[in-house]
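Please find one structure pasted underneath; my questions will follow.
Just so it is clear, A, B, C, D and E label the chains in written order, and each chain counts residues from 1 on its own.
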Amino acid sequence: MQVNEYKPLIVAFCCNWCSYAGADLAGNNRLNYPAEVKIIRVPCSCRVNPMFVLRAFQRGADGVIICGCHPGDCHYTSGNYFTRRRMALLFSMLDYLGIEKERTRVEWVSAAEGAKFAATMNDFVEKVTALGENKRLEDLRCKK
Amino acid sequence: MQRIGVFVCWCGTNIAGTVDVKAVAEALKNEPGVIVSTDYQYMCSQSGQQMIKDAIAEHKLTGIVVCSCSPRMHETTFRKTAASAGINPYMVEIANIREQCSWVHKDMPIGTEKAIILGKAAVAKVNLNAPLTPGESPVTKRALVIGGGIAGIQTALDIADAGFPVDIVEKKPTIGGKMAQLDKTFPTLDCAACILTPKMVDVAQNDKIRIFSYSEVTDVKGFVGNFDVTIRKHARYVKEDVCTGCGACIEKCPMKKVPNEFNLGMDNRTAIYIPFAQATPKVATIDPNYCNMLKNGKCGLCAKVCAAGAIDYTQKDEFIEEKYGAIVVATGFNPISMEKFDEYAYSQSKDVITSLEFERLTNAAGPTAGKLLRPSDGKHPHTIVFVQCVGSRCEACAEKGKEYCSKICCMYTAKHAMLTRDKYPDTDVYVFYIDVRTPGKNFDEFYRRAVEEYGVHYIKGMVGKVTPEGDKLKVQASDLLLNKQLHIDADLVVLAAAIEPDKSARPLATLLTASMDTNDFFTEAHPKLRPVESPTAGVFLSGACQGPKDIPETVSQAGAAASKVIGLLAKDKLTGNPCVAHSDEMMCNGCSSCERVCPYGAITYNDKEFRMPDRTTLIRRVASVNPAVCQGCGACTVACPSGAMDLHGFASSQIMAEVDAICK
Amino acid sequence: MRKCSLDTINHVFAEIAAGSALYLPADGTDGKAVYTRWQEGVEWSRALNTVRSPKDFFFPQTENLMEFKTSGKNIEIIDTRDEGEDFVIFGVRACDVKSFDILDRVFLKEPIDSYYASKREHGIIISVACSRPSETCFCKTFGINPAEPAGDISVWQSENELFWQANTEKGEAVLNRLTSVTEEADDSAVVAEKEKIGKIMDKLPLAGLKTDAFGAGKTMDLFESPYWDSLSEACLGCGTCTFVCPTCQCYDIKDFDTGSGVVRFRCWDSCMYSDFTRMSAGQPRLTQRERFRQRFMHKLVYYPENNDGMFSCVGCGRCLAKCPISMNIVKVMKTIGGKEHE
Amino acid sequence: MQKITREQLIEKASALLADGTVKQVLGWAKGEFDYDITPAVFESAEELNANFVWSDFCGANFSKYLVSKTRKCDGKILVFLKPCDTYSFNQLLTEHRFDREKVYAVGIPCEGMADIAKIKEICADGIASIDCEGDALKVHTLYDDEPVCVPAADVLAERCVNCKSKKHVAYDELLGEEGEVLDSARFDEVAKLEAMTPDERFAFWQGELSRCIRCNACRNVCPACTCEKCVFDNPNSGVENKSPANSFEEKMFHIIRAFHVAGRCTDCGECSRVCPQHIPLHLLNRKFIKDIDNFYGEYQAGAEEGSRAPLVDYTTEDIEPGEVFDRRDTDA
Amino acid sequence: MSSKNERLRDEILKRSGVNPKKCMRCGKCSATCPAYDEMEYHPHQFVSMVENGDIEPLINSKGIYRCLSCFACVDRCPRGVEPAKLVEAVRLEVIRKQGANHLTADGVEAFLDGEIPQQAIVSALRKYSK
């Protein structure tokens, strides 16, 4: 193992009903994914404000992933449909500003998809690791 | 500043195997607000919980962080623990260091580091937690049932039976719905009227039930337990409480050529009418489109002959406002229009009829007094062709048919075929089918009897074309099993038309903020686990408005809806989830964005007077959230550009504090 | 007096830059002049003036004051001030030079603002006379002569020569370093240039603007003027005028939580903002009319009252050019001061 | 040169003041020069005759003023609306920001407004006066004896070069002739940026946004930014900031501002017009509009009062966030 | 199923744009077909034979020229399967193999007489002119 190997910081917003339960299931099944992924529980993916996403980058996150119920399965019937539109536009805008599009992702993970949760996180961490540190949306004041 | 206690659980070796729990407890000691931080083998055990209670008492804690298994597992446990020790249960946060840490990471230093960060995030959140109290709202102990068919009738009877008052709103002059038009019912072949009309009488005589017939719901405000409903009672020009239903007016009415909708236009009625003998309420109604008196002031015969003096030509629509605790939607179905199916010549020949028309033709109270006669010439048909799936399972042309299976046609067609053969053994009966679907108790046996005992010709294949020629209907069809094209000279063709939700359902759904699918069937709160509730709290579904169903299924769903209503009305108060949205009126600009994303219709607007800093007053439109209706998804909080809308328990500041703690 | 050819100006800049950092107006990506650190390839802008004023050099829009580091429940205070180095600003116009005097009276009065003072001490100002004033210029109203710019060194530009005159010791020292790239000159060309500028100044559309109605002691006359309503009617409450103004000096002090500590910084604030000087009991100026009035009363009455009659406007015209709704101090002076002052 | 004349507008306004239909008139007041025109409230024919102007420099969109002015005035307010202003007008109505009953909207045709910055680029400083004559502007300067003649088309404001509509979508009365919705090239700039590499885009925006001085002119002039309290001014919002302390905060402000108006922005172009630093802010808003059109079907905010903004709407078949990059590339 | 048939099937499906999996075996196409008795493989069989890759027999069948291309089956099919397009695609396969048209547009005139319905002419052009 290399010394000082770059470890990205990933913030994952998970909806309480599907994806957070999916993450729990990944745990129950002892499916490994990198510890760099830190989960924040929200009632529904539609609770995630674009400001939270930017805040995470400001504070030093290298990637932000939002997980919710599959379209049509939202506990609140329509929340994830709004998430889908909001994040589609936000991500497109970030890309437009030249920020690497691989740093943001929305993934639908059901409560039964523990394996998908782990696989998604593994893949996301790998992609963000390949990109390296977030320089384009960083706030130097927050770097030590 | 909070006084926070941190409790790190070992969960035996589940957590302690991969996370250095002592190091976690130690690291969290230094976090802002943390007064005490400790670890224990099983926090959820009796002694673990006692430890938390003791710490609350000893250190006067105001907030609790438990680093343990998933909050989905034990959040409730620890909230109860906190509550029993006298602090608000919503001052507890769980850091999930088992499912999302120790179980997914193998390396102790890595697991420990992550557990500390998750703990810090939870501490950061608790620092911003506020005590939450679930809201309470009273329950109006009265139910409204919209639709007076068998679904509505059964629901109303069951609710009334439990002792709660129920109002039925029916847009036709009588309750009874589609079932009142049917002849016999499958699979037992009892007569529909025989089993329905006693229930209609029960409804009429039940002092807990009021019937608003010839009425419609025009406005719904409020929320679960507290609906304010406006009902428009159409003028029937007959005083309902005075009319005895004697029928003298009907006999005298000179306007006798009004198509009788109860018999689907196959015969006529008078301008003043009672739809059928057992109508409930049994009160006459004047059809303003045909009544000469109402149209041009000439006639007035009915008023002259009415001994009771019930006729009132000046009657106006009446608006009734009533409060309800629960609303049941039972708006039912209609067969789709056959006009677009040119290939079956429905519009060209009177002898091509729908199954519902066939019901009337075989019904003793129908236009032919129960004799099966051709509508065109009144002759007895010797060859009858039934066509199934007309407009059902039809994906290709949305303007013609429906993509779904209408579910009831296979069985009623078997019934029609069987009854025809029973009464008129000299008749040849053909049924063209794609599949015969008979899941249901005694259903397949019933269908088999039609084939085996009654000699109905079931042919796998479809009719391609019906051409009227002379007094015959040339039917061109395929027999897929014989791989032959058939040409049958039929006397009567009966189309099993697909069914669709009543047209009134869509506007009603808007009033109720209840969601619908693309076919205008009401959506259930959960397709499997909450099949009789709509996602809108306090709105329940009964019968075919939710999806095609037959009578037994409708009645059982009606009962289920009723029991849900009874369960609701039995409560004196409703306790909500306190993690709901709330709007800061000072910041809200009333733009309606939040309202448009709310799936529950929990947000309303009102004009509020503000005292401005310069001592003037200003009236502004602001949003307010009804905590009894809000389910706490948070969609509104992001739709709101000013951040006036926030969510209790998942406030923006709390989520951002978690983000900060994680990214530190 | 020294002179150099306009063609060789970059040699002079190179010489200055060899000694200390040199900033001058250069055209940015949007084609507008902005103070830029000179290096080979940077060309002095031909624009009359920069969009932002040079007050940034001494009073930047954001400036860190100190930091706190937190670990656990402990807080450590870190002094982030640095020594600072000398720097030269070239191309400052007479109005902007004057603005430094106005800022000095605020920041260098006891208690001295050490952040400002340190930068002011290190800054060497080379002013340039305005050969082509614009229609928005009204520095003359406030007694500023664009033909006689102050500063450590004054520079005049003729057709293709620049004339350099040191006014202070700091200026002298810089000019002495430039002997190899400048030559001795008499002032005849400068006199001619001054005369030319003077003639243009009289032709300017705002040449007749007077301050008679304003100044110390006029508070009671002007505070309740009925015109404030209509003047402030269209004001958007943005901070454009204050942020492009060379003399606006209000700031807010804020803490930024970095996660591992706190950065305390100050940043420009604007009296046009609704939350300006907000306190626990709210803000003293409740409506945009009051905030609008505050800005102009401060420039034209309150500041003079506290500073020996000196107005805190230098007539640079930036607000005239930049206000989104074209409301500005000239319109205010003409309306409030009465038509006779036009 | 505008087709409708100042006199026609004054006549209309005076008549409506005289017959009591309206109490106030929201119009443009003349300035010190010919181009520095200020929105103003007029209450009499005398005031109108003295100060009202209508020229190629009357760019200001009055719609947003109606929010505060209708609150203050106890009668009706006459507002002159150019075609693009009517979209903002409708959008504000959709969001219930003012009482329609208190406004008398007069639609006026617009031939496009001149951008004084473009004129100054041609004529340098020292503009003494500008006469609008036919298709040209005659600019008299302090330094030239002869006026400089500039074709009006050469100095049109960017938003007018790419005018999206000459049609008034809301008014009580229309002066002059009704125009049509135009097929503008307003997304070309956005497409050009999209075609760049991410590095180039990043460099472009870094350069543009670094000029931001956070004067809030863009926000305060924006008819979609009518929050009672902006999140960036609210210490409790967690994102409050007063200055662009670093490049993150520059981006944060502009991304969030654009996001908050996404689907509501009518592309009136006021933000870019007022930016003292000439940041092409409309390219952010138009990016959202272009994406919305591409992903969810064409939508013009304000075209129809009461229409549902795309971000408070959805279909079950919407594009996935991960697919937006491909879709854009193929549609561009 | 031979690989050749699979290739052919895919080619035919691609050419016709038909998805035979949508067929729910109702037989309405065959019920509606005016040339039913002329064809050894009826429209509904056609669909399932193509689906199964059983294409050689179709290519060799005379029936494909008996199909009038009246599109009644297309119009009536409740699932939008469009059997006539399959027939056409198979015909095209034959034509491509033979490398020539059976009939050119110019040759049509010779067959015309007053009795021929308009639709037959249009159908013929649709059918033969590839």
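Note that a contact is a pair of C-beta atoms (placed from the backbone, for glycine too) under 8 Å apart; a residue touches a chain by one contact, two chains touch by 3 or more.
Owing to the predicted nature of the structure, the values given are computational and were not obtained by experimental measurement.
Contacts with subunit A and subunit E are shared by B.
The chain with its Cα centre farthest from the Cα centre of subunit A is E. Distance between Cα centroids is largest for the pairing of subunit C with E. In this assembly, the C-alpha centroid of subunit C lies 30 Å from the C-alpha centroid of subunit D. Annotation: 36 Å between the Cα-based centres of subunit A and subunit B.
Remark: subunit A and subunit C have CA centroids separated by 47 Å (rounded to whole angstrom). In terms of their C-alpha centroids, the spacing between subunit B and subunit C amounts to 69 Å. In subunit A, 50-51, 55, 59-60, 78, 82, 86, 139, 141-142 are the positions where the chain touches two or more neighbouring chains simultaneously. Contact of a single residue of subunit C with at least two other chains is seen at positions 256, 259-260. Residues of subunit D in contact with at least two other chains: 231, 238, 245, 311-313. Annotation, chain-chain contacts: A-B, A-C, A-D, B-C, B-D, B-E, C-D (touch as defined at the top).
Put simply, subunit A touches subunit D in their complex at residues 50-51, 54-55, 57-58, 71-72, 78, 81-82, 84-101, 104-106, 136-141.
Per the touch definition, subunit B reaches subunit E in the complex via residues 343, 389, 393-397, 401, 434-435, 460-465, 476-480, 483, 485.
Residues 586-593, 596-597, 605, 618, 620-621, 639, 641-644, 652-653, 656 of subunit B are the ones touching subunit D in the complex. Within the complex formed with subunit B, the subunit C residues making contact are 71-73, 257, 259-260, 282-283, 286-287.
Contact residues on subunit C toward subunit D in their complex (touch as defined above): 28-32, 34, 47-48, 51-52, 61-62, 132-136, 200, 203-206, 230, 233-234, 236-240, 242-244, 252, 254, 256, 265, 267-270, 273-275, 320, 322, 324-328, 330-331.
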